[in-house]
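Letters A, B, C and D name the chains as they come in the text, with residue numbers starting at 1 for each one.
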Amino acid sequence: MTSAPVGLSREQMAARAARDIADGSYVNLGIGMPEMIAQFIPEGCEVILHTENGLLGMGPSPDDGYGDPELINAGKRQVTALPGASYFHHADSFAMIRGGHLNLCVLGALEVAANGDLANWSTGGDSIPAVGGAMDLVSGVKAVYVMTSHCTRDGTPKLVESCTYPLTGVGVVDRIYTDLAVVDIGPDGFEVVDLTAGVSFDEVAALTAGPIRDARSTEVER
Amino acid sequence: MTSAPVGLSREQMAARAARDIADGSYVNLGIGMPEMIAQFIPEGCEVILHTENGLLGMGPSPDDGYGDPELINAGKRQVTALPGASYFHHADSFAMIRGGHLNLCVLGALEVAANGDLANWSTGGDSIPAVGGAMDLVSGVKAVYVMTSHCTRDGTPKLVESCTYPLTGVGVVDRIYTDLAVVDIGPDGFEVVDLTAGVSFDEVAALTAGPIRDARSTEVER
Amino acid sequence: MIDKRVADPEQAVAGVADGATVMIGGFGEAGSPIELIHALIDHGATDLTVVNNNTGSGEVGLAALIRAGSVAKMICSYPRSTNSTVFPDLYRSGRIELELVPQGTLAERIRAGGAGIPGFYTPTAVGTELAEGREQREFNGRGHVLEHALTADLALIKARVADLHGNLLYNRTARNFSPLMAMAATTTVVQAAEVVSPGEIDPEAVVTPGIFVDRVVHVGSPAHESDLVARGVTYP
Amino acid sequence: MIDKRVADPEQAVAGVADGATVMIGGFGEAGSPIELIHALIDHGATDLTVVNNNTGSGEVGLAALIRAGSVAKMICSYPRSTNSTVFPDLYRSGRIELELVPQGTLAERIRAGGAGIPGFYTPTAVGTELAEGREQREFNGRGHVLEHALTADLALIKARVADLHGNLLYNRTARNFSPLMAMAATTTVVQAAEVVSPGEIDPEAVVTPGIFVDRVVHVGSPAHESDLVARGVTYP
């Protein structure tokens, strides 16, 4: 086995994903790595962040000493509210999600299958099952992006033929941002639409456990 | 046919019904005669009026020149809002109704059947059908009272064996206030629980077209 | 910078197609977006399905839209009002269709449409002719009717205050169906008496979050339907 | 005069029976009515079914209620948190039941309970193990799960401001499930940091109308769960 190619850092992945978010979008960023995208929204692009616990217009963490333990995000971290923000209850918040009003959500993943199935809520086995809003998000939001390392720490591919972990949603993923590539879900499986500098398609394909093709030529120039 | 007994005026009927409304009740009063009940709530009894177009804490008509054409009741008449009022949208308003949060509604009637069926929204035939919130109210509010003349203008009973007009709800009416009597719906039909002064049970029974019994002796003294 | 303003009511209703479903806020005249409705008449779209609690009064606003022949079908709870002759005349002569829905069911169907709930069960109307032939089911020993969500291509909404993000405040009982319709339409258009910058509306008090709003047009002194009717105004 | 105040948290939770279903507002610590929960522990009711998004943290508030052995079953979306060991320990040893519900479905089921809607269809969870064995149905060519309303005997809610009628304002994201739970419970009990006279809350800004509230207790300086946990406090 050859050594794994050197991919993007978490920050670089977040910055790469941030580049693709359209100005004026309403976006929900999952707990953990996806949250970092907020720091990399380009100048001149205004994105309104939704947190499912009842806030549109979420801003960054408060300065030390200025937080309110009752102004938090879905990860229960203290945040702020930007001008133009609104608070609402959970039924309204999930009406936004389920009703298709959010343009985009970005979530983490345990596995993504070649047909867009996502597993990200349960490793099965003995862990306490906890689903939160993940199933609502993937079934309701217009575009579902995943941000994840291409492989687990031990080198096992996370882009797979079909998921082995319990599903969060069936055929829901539109695009995956990994440290190695940007991968769309196409009719025939994974489609690489962008590669990290210094990484080849063949290297990505070798670390992907499902049907994958190079779709870079069909991508519109940026 | 003997001459009809002399019954209560509309104002007297409203005052009679008002006597039975418990302090602190949340009440919806139907368009027309039931609305008049608001004027007769006894001193020391505080009743919070709901209007299904989105207001709790409805007050009386505004003084001339102080009305707002966007502060109206379900009958589209200008009203006021009392201290402690709240505005809400139609889904929340009918959640109050359907969810059983209102203690009482008082509605008009074309006919009430001995089993509590109510007909009050359509005379059938050529008229433009219009139902408004009547079916929601009778299916959701905890207690449904009817306020109506005992007979139509031509002397036809409105308390009947079974309704001939299209139904608003099945078995929904709890009590009827007429110009002649207060009539509950019991397991075996109409039960007279109070009579207008000078009116006899037999007179009421003669003007009622369904099973009726005198239940005054079983009523708790006031 | 997010700025959902458009220049005038004409631009606010641009793009509506023949055959569209249009939700129009208001209960009677409270919350009726008359200037937007008049712009829709001028636009000329036909064969519309219109959702509103009523059918308008006089010959302005919703009644004028119906009189103009733009409306193939009304979905409403109470198509009769004082000073309302336009709809009754067309209905009696079979030139307009009516879907009569109990008011609370209408509100809930619109909310469901906005919330991604395709169907729900309600006890309202069970045993009446409005439930005849409808799918029914018992819950807790009581009959319920299956009701389906309502969605629309366009919603026309009247607000008291909007900010540039589309966050809305309403005026008293003018709120009624509007927050629900804003959720249920593909394109939600708002006429607001006052338009302010983001941050000027208390985030705790926002009634309709801007995510549900696509276009905002400033109509500083909106007409009141009852005034127009009293003055005998007809539109156009 | 309508005045829904009671003297203290003990009176606020009086009357709750063993085996009751109790909805408790809050998402994590935001909106958690700690003083009411502690009063419920003191009350001693057992065999409770508790509805909350989470299962508490440390050994105060909801976690303390669970640790006290009062809770037979949790209905929630996310029974794991930082500093949460009480529920996991009981769950692993089979001494507490868990009904896991997707967060949006949980919210909608509570709203449905309050709105008199016994069942509704949602696309959430279709194709996952949380939908296994559940009744499903297609709408618009897409699968949906039938979900049932949730109601409760008691709701414990934390508000920023209440008036004597029970009209409520919340604090930022402390709102979360509370307005829904207030609708869905037979008896809704509110602890409010500030209690004012009717008319002092703008009727346009009321979040929970007083009709949904039964008892109000003034808790002027409510504890924050994270503070208590950081200080190692346990209750009782």
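Please note the rule applied: a residue touches a chain if its C-beta (ideal position, glycine included) is under 8 Å from a C-beta of that chain, and two chains touch if they have at least 3 such contacts.
Fair warning: this is a prediction, and the values are worked out from it, not measured in the lab.
Across the two candidate interfaces, B-C and B-D, the one carrying more C-beta contacts is B-C.
One inter-chain figure worth recording: chain A and chain B are separated by 56 Å, centre to centre, where each centre is the mean of the chain's CA atoms. We define each chain's centre as the mean of its Cα atoms; on that basis chain A and chain D are separated by 30 Å. Remark: chain B and chain D have CA centroids separated by 36 Å (rounded to whole angstrom). For chain A, residues touching at least two other chains, in rising order: 81, 87-88, 91, 94, 97-98, 140.
Each of residues 108, 111, 115-117, 122-123, 170, 172, 204, 207 in chain C touches at least two other chains. Taken as a contact graph, with one node per protein chain and an edge wherever two chains touch, the assembly fits none of the named shapes, being neither a line, a ring, a star nor a complete graph. Contact between chains, using the touch rule, shows up for A-C, A-D, B-C, B-D, C-D.
Considering their complex, residues 24, 26, 46, 48, 50, 56-57, 81-88, 91-92, 94-102, 140 of chain B touch chain D. By the touch criterion stated above, chain D contacts chain B in their complex at residues 1-2, 111, 113-117, 163-165, 167, 183, 197-199, 201, 203-204, 206, 209-212. By the touch criterion given at the top, residues 51-55, 68-72, 76, 81, 87-91, 93-94, 97-98, 126, 128-136, 139-140, 166-170 of chain A touch chain D in their complex. Considering their complex, residues 27-31, 77-82, 87-88, 91-92, 98, 100-108, 110-111, 122-130, 170-180, 207, 224-227 of chain C touch chain B. Note for the complex: chain C touches chain D at residues 108, 112, 115-123, 137, 139-140, 144, 148, 169-170, 172, 202, 204-205, 207.
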